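Contents: one structure, followed by commentary.
Read from first to last, the chains carry the letters A, B, C and D; within each, the first residue is number 1.
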């Protein structure tokens, strides 16, 4: 049993606040020979809640990788009521992409994937249309065409879940996927489905936000990436950004300018997620970056 | 009768679009000896609506200042169904300020006024509290303390209107005035009451937007300046801007960061208004800048 | 001889200011049966210089397309000393791309090209490396591998110019092309070579701006798109934008965050250029949008 | 000897990185009965340098306030070669302001001071002009008029230093003070003189940056707040921000728009400084916020 495979481990912790938690956690790492590479913590005083991200070098760490979860649970997680997540730097996150017919987000993601910007695997792309099939396959990613109708939705979701399981997927990105997932589906991937919505939520939820923005005469448009929850466009927000617009901008201009915001906001959310920078709690996110 | 008092005139025009309108308007100026200083036009193709701002030098202009409205109406406004507004560079706009207890916007406005940034007059400040009286008077501006209760509201508004008339006020700025004006009041100042709302509308209308923003976990906050209409926080938007926030920001931090956005967004709206840069139409604004 | 092929014409004008220019130009269009679709003008009072962009519908226009240049020159350009540029909406601009080994800008451009965001042709991509050959060819664009050394530079530029001419290229985009073009080359494409520089110029010209930005400890990084002139990184700026950075960002983080700014800033410059929104004069640009 | 006067203490630490530093520092606090309120740390891997900000509640803390420095020095600072700074929440920082004739930054600072936004004292304002005397005195702040000429500079600086000492000043803000301080003066206040420069440094250092920005044709302008060092406009940057500008903006417009950026950027630097959020090292800053 060797630690050599794993360069570093990262723990995300979320628990009731109490005196000395930083000291207690660093003590656990330190006393086992771990060298802390990165440590960030946040206390939400309103909720009396403690959040921590700690990454440490495993090269001299006394606890073997496959015993680490158990050891941590016993020593810290259970006594301090911690919600936690452990990951290792040598295990690439596996991301599935759901897409419909809007191309820009997927093209942007494929470019980042192909140029090595993201340290992840994309084992599959699922779409209810065939429009992006060629682009997916040009990038060497298996593409599954699963059209959805009201009648077939339940069956298609079953098929999707089977595919996700077969490909050992860690999280899902909805890259402008124009279908609403069932509550049941979403509950199987808590804080593991990332959506990009094309407005600065909570303004303009639902369909056609650029048309609504135009009609309201706003001077900014925006995009929001968030974890998907049962309530539409209401999950914990990971990132938002905006672009300024003028009276000269038509709806088409808003759509065009908005695409660039969407791409960047979605890519930042993915970056944060795959680098274990995000803890969602009570419909808010702590983002350590 | 002489034009020498007025350096330049500015016309804001808003009418159904038709072929040759720019040519027709410039012909009117040009043939009367005016030299165009600035010209901006915009056609809203969706509404088939024409908007124009034209400023010209009056030094060689053939039509006397006090005959200009009549001449323009006869030659252009009536035949082309124009809504229009005429102003002269030697007539400073007169701005009334309504304020409650939030100080930052008023302090910021007074600083701009005192340093000469704004070419306007502030003949009076009206407040339902006395908190800002000393600041107003230090700037040499008459301050009227008019407390408002549910019962006295109608009487107080009558008093306010009398004061505004007595001081020959052109437009009103609600610098975080925490009272809702009656529809009747608002209708007497169409597109002449500017409000600053402390959120990026249409998100978080109404009271306590920073608390709502915190609860929703947004990653941006913002402010919106708009003309006041009968529907609360729903009038035509003149300017919006945002600031990025993080999980480390408490509600108090949002309030603090938001104040800086509010001040700047309000001041930009006032700048645009007093420089005749804004045309409101159908709950949207054309902003020529 | 028919105008039916061309939906609209656009004129960019740049000349000494004088009284009545808007009127004179609109008169030319109007009297020949043209319907103005868009008109923007700007007067630089410091330089006493007039700039105009006017687009008009050709469907009822009396002057045939191929006689238009001559007619405009005789009627307006010559008497008023106008520099001008005429384009037609049915003639797609032809853009060549020069690229080295940085992938992100080219990937982004290809995605916009393939999704139809840009109304242009890309007849060829030229590179001193083969890294992007597969991506170019996957998009169906001819790729020319022309390695450059100090010794071969003159010959390679001759070859490049021959290719550009053979492909009837209108303008060139340097999508992170890491070679400096000769003055002679640049002078053959005045205001027709667009570069993206990875800093907010004039800060950090030359090589390795992100390293310099890190060393200087700046809190913002940026990107600049500009027309290339003989002086390195000193040509007229078309667009700039920035991103905020923190002490937690390493040089690699700056590079990563900067890529997103570069892509967007370059794409906005291309959009403006192909939509005839830019007039360069005296090392500054007027951007009508 | 009682701790009751001080609600909390804050330590800023800056030292060579080594294993376990977070653990060691928290151990010191924790073992003495302190409750950590806030903890932030950063490791600069390139410099192998450790930075930390830790704030803890003093109510149950075993070490008396006036023995704390000595205890910390012996236990931690000396063995670990720490540069450090200790402050207490019940001791308001004392800020001197130097100003010349530009009003906007001082007005903005006075408004924040008067409205209680900043938890600090302003014991004096020093100016080489009398323009801002009335505003200073209206805010109840002693104003010293110390005109400077080339000949008197050394004497004036001596007088300034005497005043600063007499008023027990902690740090100095140059609110658009148009005089260059001597190296000797600056060295007496290391990282304790904050300047606001009206450009996005390193672009446009020195005088008249807005004129230079206009001449260069940039599409963004900005402001930079930094600690003053011997080299002009080259000290460690605390905050920067920008505003977008267009070809329609004259130099006067840049100045006007820039003022709003300057005010906000300076105020953020002051906020960070008085809340002990900044550690300067090697001409860069770590900003914990």
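Convention: a contact is a pair of C-beta atoms (placed from the backbone, for glycine too) under 8 Å apart; a residue touches a chain by one contact, two chains touch by 3 or more.
Please read all numbers here as calculations on a predicted model, not as lab measurements.
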item	value
Given subunit C and subunit D, the chains that contact each of them	A, B
Length of the shortest touching-chain route, subunit B through to subunit D	1
Reference interface C-D: repeating pair among A-C, A-B or B-D with over half of contacts shared	A-B
Chain whose Cα centroid lies at the greatest distance from that of subunit D	C
Gap in Å, rounded to a whole number, between the CA centres of subunit C and subunit B	37
Interchain centroid distance [CA atoms averaged], subunit A/subunit B, Å	43
Touching two or more other chains - residues of subunit B	248
Touching residues on subunit D, where the partner in the complex is subunit A	19-20, 22-23, 26-27, 30, 35-41, 43, 244
Residues of subunit D touching subunit B in the complex	103-104, 107-108, 111, 114-115, 117, 135, 138, 248, 256, 259-260, 264, 267, 289
Residue numbers on subunit A that touch subunit B, as the complex places them	42, 44-46, 51, 200-204, 216-220, 222, 236-242, 246-248, 250, 283-287
